[in-house]
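Look for chain A in each of the two complexes below; its partner is chain B in the first and chain C in the second.
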Partner chain A sequence: MTLLLQLLLNALVNASIYSLLAVGFGLVYRSMRFFHIAFGSVYIIASYTVIAGMDISGFPLILSLAAGVLAGALSGVAMDKTVYLPLEKTGATPTILFIASLGIYILIVNLIALLFGNEVRILSRGIEPSLSIGSLIITRMQIVQFLAGWIIIILFWLVIRKNTFMKGIWALGETPTLVRVLGLPYGLMRTVVFALSSAFAGTASLLIALDVGIDPHVGMQALLTGAVAVIVGGVDVYWGWIGGAVILAVVQSMAVWQFSSRWNDLITFGILIAVLLFRPQGLFSPRKRREER
Partner chain B sequence: MNYILHLLIMIEIYLILAYGLNLVVGFGGLLSLCHAVFYGIGAYASTLLMIKTGISFLPAMLMGMAITALFAFLVGIPALRFRGDHFVLVTLGFQMIVFTVLYNWVGLTRGPYGIPGIPRPVVFGYEITSLIGYLILVGVILMVTIIILFILYKSPFGLALKALRDDEMAAEGLGKSPIHTFLYAFIIAGGFASLAGSLYATYVTYIDPTSFTLDESIFLLSVLLVGGTGNRLGPLVGVVFMILLPEALRFLGLPDTVAPNVRQMIYGLTLILLMFLRPQGIAGEYKINHYGKAEN
Partner chain C sequence: MEMLNVTNITASYGRKQVLFDTSLSIKDGERVLLIGPNGAGKSTLLKVIAGLVTHTGGNIEYSGHDISSWTTHRRITSGIGYLLQTENIVPGLTVNENLRLGGYSLKPEILRTRLDEVLEIFGFLKEKLQNRAGLLSGGERQALAISMVLMKRPSLLLLDEPSAGLSPKAASDVLEHVKIAQDVMGIRAVCMVEHNLKLSLQWASKVIVLVGGRTVHVSDTPEKYLVHPQELEKFFFGELR
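Up next is the complex of A and B:
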């Protein structure tokens, strides 16, 4: 019983990180309607900026963390400005953007591996102090992850709930041409989407890297976590993304409880395929009328 | 000399994989990210058959092909209900699932320890051990593959695939069943990937799941995207480019520690540039422009 509660607690902490990834991936997927694989490389850029900062000069940690998120956001915008936007001007379809994105991902991951090596890098040394609540144990870093993650998720929801600009971004995913016809700032919207999405990726990356370190190849796992959460939960609902992330975290914990964490991928992608087959709009999306699709 | 023979054998093995995948990616217009799975299942199935039951290479290879084809059928049925990025996701999902099974089902596959000491193939009484022998064996199988596939490319079946790729609704209106046609293409591609897998396993005599990862699937897909798809020349150009590029880098004198990363960076950059300059690849015919539904 204690084990089950402990695993559920861990699941809630993981869910906060997964939610950040889901929101980051979902923002681009929902408004640009293409599969942004390079999201995974944004994820590692943020943490490696911090590592570079620590290698070169002993920046204070808080400052370099902010620099990491900023670098992530800038890199996301840079990808849009140098690759996606020019491609879209030539009339590229989402598949072409998807392949170009794959190219960016491969390029950046290997560039970082070339510069910093393939092995795991640790951001903070020493054993994290931990807290016991009854028989449950939670580390300080887990508390930080939990609070940071959920506060950002809720704040972001409060901001976008009534915001006309964000509603415009939402509309971008429905009818991109109409957004321009209405005179909404299309270029600015794209920039904001990529900056926000990448900042979310960067935040998640730093929260994980501070705990367990980072290596150049974890970006794909982060991308897939975010993507599966968004698609399982439903692309069209903000809380669906979060719901997908929570489901993923809880089910993975239950899998650890019943079998072993080695089978996590099987369960994650099993859920993805099952949802795509039986409820393609996602678990939390309202069913769409045929003419709306 | 041995080194050049090794390169030629790898090129031949990858040609089998690429020409098979061409049927799905180039003719069907579907980006499949689980080709390495079929390659891997073929390698494991024929190896396990040879080791556990002691049958010889050719029957093991053919039975491996049948097993993989059955598997491709099982993957294809759910995956082919989707087009566009959902198809990519479902195939990616199967790639991850099968890799997890290969890696963790230690009782059958020995998991991360891999299977060492795979017997050399014995074909019609001759045991093939030399590189030249392999070059000929793989070459013969490649020739058979190519002849079958080239006939398929030109056949009504190949043309139906192209028609479905270009405008699914119109082709369906002309009586071409998308499910059947795509599923056959998927199964055939899987079967030929399995041939390549059996040849690879007996050539290297050691297999472990890390040869059949998502990265391998991405590599196979990029081979086709770089070389071009939808015709007979594209896969050849892609395989030669992608296999010989790292060797060219070696001759430029890059140290071995950075060479793999530089190679991958060149692949990535190539993909980006191609999307700008030549979306159909270097020598391809099919220009990727589809996404989910037929466009006009």
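Up next is the complex of A and C:
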């Protein structure tokens, strides 16, 4: 029983990180309607910016972390301005954007591996202090992850639920031409989408890297976690993304309990396929009328 | 005074040329009906005016300015309102959120006044403000779409088939409301693409016939075609309802 509770506690911590990834991925997927694979490389860029900052200049960690999130956000915006937007202007389909995105991902991951090596790099040194709650144990870093993740998710929701600009971003995914003919600033909206999405990826990356370190190839796992959470929860509902992230984290913990963490990917993608087959709109999305599709 | 002057416009979709030296002018106070057979380029001409389709020749003058190189955003914020034929509301947002999207960039006090104005015209939307827009009926959706465009109180209103897919009663209501909106909100001119000739000829003060991407006929007395529809038939035989 203690093990089960411990795993559920871990799941809640993981869910906070998965939620950040889901919101980051969901922002681009929902508003731009294409699969932004390079999201995985943004995840890497943020942490490696911190590593570079610490390696080169011995920057204080807190400043480096802020620089990491900023670098992530800027890299996402740069990807849009230099690759996606020019491609869209030539009439590129989502498939072409998908392939271009894959290209960016491979390019950046290889570049980072070339510069920093393939081995795992850690951001914090020493043994993490931990706290006991009865028979359960939680590390200081897990508390930071839990609080940072959930506070950001709730604050972001409070911002978007009443903000007309953010409603416009939401509308982009359903009716992109309408957004333009209503006189909303389409270019600025795109920039904000990529900046926010990348900042979410960067924050998740740093919270993980501070705990267990990072290597240049973990971006794909982060991307898939975010993508599966969004699709399982429902692309059209913000809390659906979060719900998908929580489900994923809990089921993965249960898998560890019953089987082994080796089977996590099998279970993750099993859930994805089941949802796509039996409830393609996602678990938390309302069914749409035929006229709405 | 001429508000919009579209001169010798050519436009293409890829290699397919759709507009051939098409011209059109709209004066203050006019209600212009743009008609023609399917594929005549009516909707494309509206898209060119709104900046959604880039024209390859000719120029567009609006309120004394050459707007040919202006972005859609600049044209809309300069007073051109454009109703899309489809996907003209955001189904996932509430009616209220849709209207506020239409009034984006307005100051809060102007936004409130404008909301009151459009809800005065389309009163039946008042009780549906918190409903998801995707759940509205066809007529209500079109009313919402027009209201969203009206939120910025455009000087020139471009309407692309506002009664498409509506019942005769709903179509008639929509056109009647457009007329009321023009009077109440002080919209200087309206240009509408419409297939429902019986209804729209009663509404219009000027009719322009487009065939094969060319302007083939302009008349300031559209009401005469209600009595003698065969005179329009000769321009696009078989398309008159």
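Note that in this section the second predicted complex is superposed on the first by the 293 of 293 C-alpha atoms of A that agree within 3 Å, B and C clash if a C-alpha of one lies under 4 Å from a C-alpha of the other, contacts with A are read in each partner's own complex, and residues count from 1 in each chain.
The working rule: a contact is a pair of C-beta atoms (placed from the backbone, for glycine too) under 8 Å apart; a residue touches a chain by one contact, two chains touch by 3 or more.
Quick caveat: nothing in here was measured; it's all calculated off a predicted structure.
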Open item on the list: For the combined arrangement obtained by superposing on chain A, do chain B and chain C clash, or do they fit?
Closed with: fit
Open item on the list: With both complexes superposed on chain A, which partner does A:V212 reach: first (chain B), second (chain C), both or neither?
Closed with: neither
TODO: Count the residues of chain A touched by chain B and by chain C, then name the partner with the higher count.
DONE: B
TODO: May I ask you to decide whether A:I154 touches chain B, chain C, both, or neither, giving the answer as first, second, both or neither?
DONE: neither
Open item on the list: Output check: A:M220 vs chain B and chain C. Expected answer is one of first, second, both, neither. What do you get?
Closed with: first
TODO: For the superposed three-chain arrangement, provide the angle chain B-chain A-chain C between C-alpha centres, rounded in steps of 10 degrees.
DONE: 90
Open item on the list: Looking at A:D236 after the superposition, I want to know if it touches chain B, chain C, both of them or none. Which is it: first, second, both, neither?
Closed with: second
Open item on the list: Looking at A:W170, would you say it contacts chain B, chain C, both, or neither? Reply first, second, both or neither.
Closed with: second
Open item on the list: What does the superposition give for the shortest Cα distance from chain B to chain C, in Å?
Closed with: 11
Open item on the list: Quick check on my understanding: which residues of chain A belong to both its chain B contact set and its chain C contact set?
Closed with: none
Open item on the list: Considering only the defined contacts, which chain C positions touch chain A in the complex?
Closed with: 50, 52, 72-73, 76-77, 82, 84, 87-93, 97, 100-102, 104-105, 134-135, 148-149, 152
Task: Of chain A, residues touching chain C in the complex - done: 164-165, 167-168, 170-171, 174-175, 177-186, 236, 288-289, 291-292
Open item on the list: Under the definition above, what is the set of chain A residues touching chain B in their complex?
Closed with: 34-35, 83, 86-87, 90, 92-100, 102-111, 113-114, 220, 224, 227, 231, 262-266, 268-270, 272-273, 276-277, 280
TODO: Give every residue of chain B touching chain A within the complex, in rising order.
DONE: 31, 78, 81-82, 84-86, 88-90, 92-94, 96-97, 99-101, 103-104, 214, 218, 222, 225, 258, 260-262, 264-265, 267-272, 275-276, 279, 288-291, 295
